[in-house]
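Worksheet for the structure shown next.
Labels for the chains are A, B and C, by order of writing; each one numbers its residues from 1.
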């Protein structure tokens, strides 16, 4: 009985994320004398968690196929820049379509090169990471794009991240919707089965008739789309965007997915875990802010978290295998 | 493929042999770029000043690219080189007042070696992919740079600048930067080691087929560890050379160099699958990128254009490389 | 087989290169409906490569492949499966990270549409998966929701065969299906192969167990260094002769360049 409970718990990929989150929240709350748990702080943490989570969901899908997408930080910026840049000059509806379409296209570009030419995804997306970061800096020329009050009052702008509902930013709702939809796709639809199969053993999946190239293309396309969407939500709630928007977020997205129980070699995925992973990272970030610690420490910490998360990913996988074999 | 007429197989013509080299494309590409820029902008391009600018940046990037090539040949990757470059440079300059130039130089290089060793440890003992381990390292050391320097700019004292050792890296000889001479010397050494030593043989074997290499008694862990340490050391040396030439630090020192070094190696013909590539290719890849960078600066393009260009170069270079490798049946 | 019947599958002058290795040399062979063909040969002779072409895993470098007299021009496992080729592969076919139920239907997941959205029918997948487990005498304790990684070598093999039999349509290819199987299970697989042939399927059976295949097959194709060296009906060759040819070869030396 005890073993089977342990087995069930360990079998869930998000287990460690849940445990760590619970411990962390307690720790953060106590050491800040309750400030961390205040409504104001939770309000901001929930918004920034939601934005990161939406991007990290896309990353989680890519990671599930055994690939990686490091371009998401720049795609995030492109989504935000197009939305605000076009929205304030042309039309918000057009801006919305162009922003999402742009993200989708970049994702398709990444996916096509990876799927059809079999170039390592790290290299491909490293190339697009810098390509689109260069473009982001190029179009802003060191300035930022701001949304006027008139633009901010529009419905589309509010739905796409501008508004708060009962104190909670709409991005949070979007993140929950994305979680629900993607969770269903991943675990209750054929596509999810095939994504996991490609990550587990691409040759076997291929031999069973799975269109492996198409699966790869689709996950990269989704990752691009979601990153651009997240960028839009963030830009709309902040109200302006510059060329550095979303820098370093690719690492946070990878970290969130790995912390959430997605295996870097592919074949193992949890979107709920990824959400918790995103929360964990953002919670730590906000903690540093409350304590008045230089934000640069977060970069350092992020490096450590990524390495530790992937180390524990290895250990956990081994442990799981041993436990299952009993 | 099997040649239909058997006779040709023995006397491969020089042209065919050249075409089969992994660095064939970049040799032609670099010549072309220099000629085109020379034709477009003849007054300034072939001037001494332009060339010295190119060799100066080429030396810095080239040292990193050689290190990156060694790691890629062993079928790993090192994304941390830009941060290592920065942190070693800062360590050098920060420890100089207390240790003096020779000792601080030694300490800085030891720091570089230690970082390489830690990367190797995480990858080979910890079992995480080199991509993630060194991505973590990239941010960790960048974080340390931010936290320790906090935006302040450090400089060498007059004495330290004039020290012979600083001059050995930062001075000039026969009107050429010593940095460039170091770069050339190391390129030749690295070529010799890769193609004419046991270690080189092991490195190529490990990158080409790890299981076979292991079965033939090659110590994979040791070979890869040396590759990581060499890469970090070269990144560190590049940082030291930079400081010796231009003795002041900045928090953004070395940012984006991981991308440029990988791009130089990849467009130089180094196969990402490991085991195939040349130092010459990476050196030329460096010249190629540096030439474009220099021309962009001349034309007054903002730095972001160069960033975008390197991104495209990497994307195209990697794709063409991979497709060609599959064609030739590797 | 009788010459007046049209072959179901027909390979004409097929060559296959893996980079610089030639795995198949100018192979021409016909397969007919309702026969059980034993495909034999030494290790590395090209048996797996040959069936990989039929099941769409690899495309031949040159040569023609016909199914039902129609020339096949694009090779993809999905196409082969849709055309009725079911295969138990030698080294691939299972994703260790997925459950038995999910592996069973991989690539052909049964769906229940709710408002047009295809949801996988987990209930059916479990039911059929469980049936396969019990039918093939896998351990009682095997759990359809457990990962395939936990199955033993023989259990994996049995599972692959059960799956292929479940999805059978016209052609069943079995690449060394009795590997890792106990004597009892081996008998079952052989009986099944004969049964399916009697249901007028084409069964292509690869094995190194010459005496076993000699008992059940109608015809043998022997490959050596990628070339077809013999294609004989059972009544024209004894098991001993068959084994001798495979062991000693017919002198098709791979080293000598072949002009073609």
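One rule holds in what follows: contacts are C-beta pairs under 8 Å (C-beta built on N, C-alpha and C of every residue); 3 or more make two chains touch, one makes a residue touch a chain.
What you see is a predicted model, and the numbers here were worked out from it, not measured in a lab.
Relative to the centroid of all protein Cα atoms, the closest per-chain Cα centroid is that of A. The chain with its Cα centroid farthest from the Cα centroid of chain A is C.
With centres defined as mean CA coordinates, chain B is found 31 Å away from chain A. Once the centre of each chain is set as its mean CA position, chain A and chain C turn out to be 42 Å apart.
Inter-chain centre distance (chain B to chain C, centres taken as mean C-alpha positions): 49 Å.
Contact with two or more other chains is made by no residue of chain B. Partner chain A is touched in their complex by these residues of chain B: 77, 122, 126-129, 131-133, 135-144, 146-147, 150, 256, 259, 262-263, 266, 272, 302-315, 318-319, 321-323, 326.
The touching residues of chain A, when paired with chain C in their complex, are 184, 188-190, 193-194, 196-197, 199-201, 203-211, 267-268, 321, 324-325. Note for the complex: chain A touches chain B at residues 68, 70, 113, 117-120, 122-124, 126-138, 141, 243, 248, 251, 254, 258, 264, 294, 296-304, 306-307, 310-311, 313-314. Those residues of chain C lying in contact with chain A across their complex are 55, 57, 76-78, 80-82, 87, 89, 92-98, 102, 105-109, 111, 117-120, 122, 146-147, 149-150.
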